[in-house]
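Sharing a structure, written as structure tokens. Questions coming.
In order of appearance the chains are A, B, C and D, and numbering begins at 1 in each one.
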Amino acid sequence: MKRIAVLTSGGDAPGMNAAVRAVVRSGHYHGLEVFGVYRGYNGLIQGDFKSLTLGSVGDIIHRGGTILHSARCEEFRTEEGRQKAIQQLHKFQIEGLVVIGGDGSFRGAKKLSASGFPAIGIPGTIDNDIPGTDFTIGFDTAVNTVIECIDRIRDTASSHERTYVVEVMGRDAGDIALWAGVAEGAESILIPEAPYELSEIIERLERSRHRDKKHSIIIVAEGVGSGVEIGEQIKQRTGWETRVTVLGHIQRGGSPTAFDRVLASRMGVKAVELLLAGERDKMVAIKDNEVIGIDFDEAFSQKHQPNLALYDLAKILSI
Amino acid sequence: MKRIAVLTSGGDAPGMNAAVRAVVRSGHYHGLEVFGVYRGYNGLIQGDFKSLTLGSVGDIIHRGGTILHSARCEEFRTEEGRQKAIQQLHKFQIEGLVVIGGDGSFRGAKKLSASGFPAIGIPGTIDNDIPGTDFTIGFDTAVNTVIECIDRIRDTASSHERTYVVEVMGRDAGDIALWAGVAEGAESILIPEAPYELSEIIERLERSRHRDKKHSIIIVAEGVGSGVEIGEQIKQRTGWETRVTVLGHIQRGGSPTAFDRVLASRMGVKAVELLLAGERDKMVAIKDNEVIGIDFDEAFSQKHQPNLALYDLAKILSI
Amino acid sequence: MKRIAVLTSGGDAPGMNAAVRAVVRSGHYHGLEVFGVYRGYNGLIQGDFKSLTLGSVGDIIHRGGTILHSARCEEFRTEEGRQKAIQQLHKFQIEGLVVIGGDGSFRGAKKLSASGFPAIGIPGTIDNDIPGTDFTIGFDTAVNTVIECIDRIRDTASSHERTYVVEVMGRDAGDIALWAGVAEGAESILIPEAPYELSEIIERLERSRHRDKKHSIIIVAEGVGSGVEIGEQIKQRTGWETRVTVLGHIQRGGSPTAFDRVLASRMGVKAVELLLAGERDKMVAIKDNEVIGIDFDEAFSQKHQPNLALYDLAKILSI
Amino acid sequence: MKRIAVLTSGGDAPGMNAAVRAVVRSGHYHGLEVFGVYRGYNGLIQGDFKSLTLGSVGDIIHRGGTILHSARCEEFRTEEGRQKAIQQLHKFQIEGLVVIGGDGSFRGAKKLSASGFPAIGIPGTIDNDIPGTDFTIGFDTAVNTVIECIDRIRDTASSHERTYVVEVMGRDAGDIALWAGVAEGAESILIPEAPYELSEIIERLERSRHRDKKHSIIIVAEGVGSGVEIGEQIKQRTGWETRVTVLGHIQRGGSPTAFDRVLASRMGVKAVELLLAGERDKMVAIKDNEVIGIDFDEAFSQKHQPNLALYDLAKILSI
């Protein structure tokens, strides 16, 4: 193996640059030439490749976003699109591909390897919703961004004795809501994986008021429903001033945390090792602090589950 | 004068605690006893007073929110409410009051002094919308919070080549939008004080695209209209992916910046000096870096105007 | 069991407050009364106890330091001191103690339990140097503080093309240096657990210069030696401008990260569960993402080892 | 005038990039071609010039450091060196130069203009030590970096009831120490512009202890002397645990604050306007919130003085 390529796909996540850097640097360490593919699978189809030197990935480990840019790509879902991509890869004499992205991106990578082209996935998404790995790149940063924002809201909440509802990202997975909720001592945490009763939420709020709590924070994962609507319901039922904040896209950005930079570095190095070892159909994962490779099929056969022990913990601690 | 009191009123702003601390500490320095009044004018009416020692205001200079809590108060708008307040003040033998808050809070203070009770205002609001002072306490922190959020959005914007619309606070005043817009190099800044043409915004966006700009950011003060709607219009007219973020209440919180802590400290000391000098009807202001007292009437007779030179500057710099 | 107590001991660490909160809240959840002991073992000897309600630990989960204060205590190392402590505990009818701190604090707790008084340890120290647990409370925050500082130094380093030496905490353990070094893409990382050759460091620096690297960062754990001296040696050997920063006590402070808040919350709950289960001589630990209890003896029989795979990783990535 | 150039010189300061961007963008706005000169006056002598497009300065407004790099340059102090520089400028048909830097850099610019080449200075230095302007670019960011660090130290200080001495930058000017001291409520602030008595510092510390203050912070500008030595003296005189932190180079870095980005943007635009108006020997300054041009000679004839009213304020507030 002499040449490999790397791309980022899907929603961007802080730490993707650290992973790109690790793929490039460890590729060079092993004597490989490494190409960057721009704008995800679109660039793969169009041959938007650039050879990356050690210096190309200098001074990016601490930057959010992805220098390779990211995009979704409909064409790659077609057999024809993938054939174009493979032709481009052959044209550049590239023998292996590293795909940094989420679930959908991995399904593309899996199909590529099914067509005979070695592809390794690195889980990069703030949602932490990829089965088979304890953590994805970007999750830790996103949770820290969320709590930094809620720490600010907390100031104003306690000055006014109000209830605040904060909607965070997580269409299918409640991980961000769960971690941020425990980290903020939220009154209630609403996640897609657990049913909720509005009456129970109200009851907890009333209990808090009763013991003279200054402010209450309720965290809602976007997959559960609109924070604005839930806030409206609480207001109607309690009559208390209730304010809603939808954190939105700020959760995707920012300089990655140490955890994400280290995780991304380890995963990038592992991906290159897997390619060199002849693997052609694997995803890098972290399990019990160890970075390993697992078959895409193994990952796809599971369903991601957040750490629901945290859900119970939150109930004990917001007693 | 032997006893004074201090309260915070209206929306809270970072730096209010630093101002409370300065009133208390400089009061003690001048041999006064200083009472804190809780929950704004409500506490004044209900006699919710507490004598504050040097230690009561220790370790608060860096905290957002207000330890005295804040609230709006309908009753104080009535003559009856104000008479109750004055009775409470007399009961506690308090001879002067410092009110930290915004425009509305000052109208209350003005009426109090018209009834013969000395009251001094300190401008504390993130909106910077109080006439007669160059800056209000909390404004600098709010602008820095906004740019920290937009710096994050910038990461993801440049990874995806999208247009982002960010709605910031400012119902009547465009100051936050203007400063944040210049500080972020925004494509367009929409403020209540200046008319805008959607076609001009689109034109600027197209020009940017043309010279291969990676991302475009448009800042909208809430007083102009809904960021969501403006984003929708841009999307419809350009066909480009446009994402909207409404920053909301995170703009009110956070540890105050150095500028706000120093401004609040200076203003708090000045307010006590004004009371001791026998002033009974003034607002503290900063003009050309100097902290002074001006008559409430003088302030109320003007209309706040943001620095519109920044508006023109932004157009030059986002060429 | 009806009454338990909690104290913080040794150097403070961000997240200690979150752990105190979790002990108090989960204690109440299980129907216990929970006392806070002030200033570590000193307060235990002097009976400086205070009953903590749910509200006592409100609004502290996000604060650095420890509301219980911390201190070292010589007297507790004596049999006499410990007997006084046990008398105080009996006097207050306390039946179990949770000690949040480091290695030295646990040896005290172990002796207490050897005297028949149930004691459970929670690992709280930024150094991550406690055997038997993958992570200690405060470590993640400290590493993130370090990288935030080095990100700043990076700006000025790249503007001037200089070499920067940064000394970080870690008298016996290189964990902070190692994680921060990987997260920053440091040129060289000097830790107590691995020998270093100045000539190899110089060689790496020269190789970097050769490929036109803009700035070089060398991280030194304080246990290895003085950053100032190492900087001086590099300057003498290379003739390049070399600047040294000793990060110092800022590494101990700051609002805890999400990771540390969640870890502390989990560990606090676990400590109370262990006491209720009749355990009297255990330390809470996190192993492979699971929070468990292990015997003090088991912990003490091991030697803490940082993840040396990161050391090798750093060499590959700073090629 | 058709072509101008811009360089950064001396120590770097956050906001320099925003100033470079403003010079380039407003230059283009006025129809000029703008060249960037690399590594300060060195690049001027060596002809290290590059034409900067609108896109060259995209996405830099929020970055610390300077994309043009900075350096000190001995050769430019000689007549010969300056003649080489003027030849390079003529060779590139450049008709005006903007120099972003400090006092020393302006003396070079002044000599250039004395030789007949139009040069305009923009004050960029964290020290705020340039006469004639209320603020320099980078000062506000540096003060905020300092208080962020001291806020962290504060956590650990209050957990241990210790005295902390923090040495900040400022060889000749006490501005950083003064602002940070007021913003942190420091016990004592030591600046080069005011004599200090160790006995008075001790007295203030003792008074604080007496009223049960949890922690004391003393800020020392580096121009006053070594923080380590002052800490040692305090320790010897009081016997209390005293810890010293020397903040060092982290004060130079970081993303610029809103204030610095806006100031830099305004100053960059003004510099180009001055060149276009035929000015050849001026420095941009901000006086009473207005951005103006003043003669270099006028600036050099004054002596910078920090706002000593803050010094007195600090004494009142740390009573």
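A few points about this structure:
In the analysis below, contacts are C-beta pairs under 8 Å (C-beta built on N, C-alpha and C of every residue); 3 or more make two chains touch, one makes a residue touch a chain.
In UniProt terms the chains read A, B, C, D = ATP-dependent 6-phosphofructokinase.
Please read all numbers here as calculations on a predicted model, not as lab measurements.
Two copies of one chain, chain A and chain B, touch each other, and the residues they use overlap strongly: the shared fraction of interface numbers exceeds half.
Inter-chain centre distance (chain A to chain B, centres taken as mean C-alpha positions): 36 Å. Chain D has its Cα centroid 28 Å from the Cα centroid of chain B. Separation between the centroids of chain B and chain C, computed from CA atoms only, is 39 Å. Annotation for chain B: residues 151, 154, 158 touch two or more other chains.
Listed by label, the pairs of touching chains are A-B, A-C, B-D, C-D.
Residues 21-22, 25-26, 28-29, 54-55, 58-59, 61-62, 134, 140, 143-144, 146-147, 151, 154, 158, 179-180, 182-185, 211-214, 255, 257-259, 261-262, 265-266, 269, 288-289, 307, 309-310, 313, 316-319 of chain C are the ones that touch chain A when the two sit in their complex.
Contacts from chain B toward chain A in the complex involve residues 8, 11-12, 14, 16, 63-66, 69-71, 145, 149, 151-156, 158-161, 164, 243-246, 248-250, 252-254.
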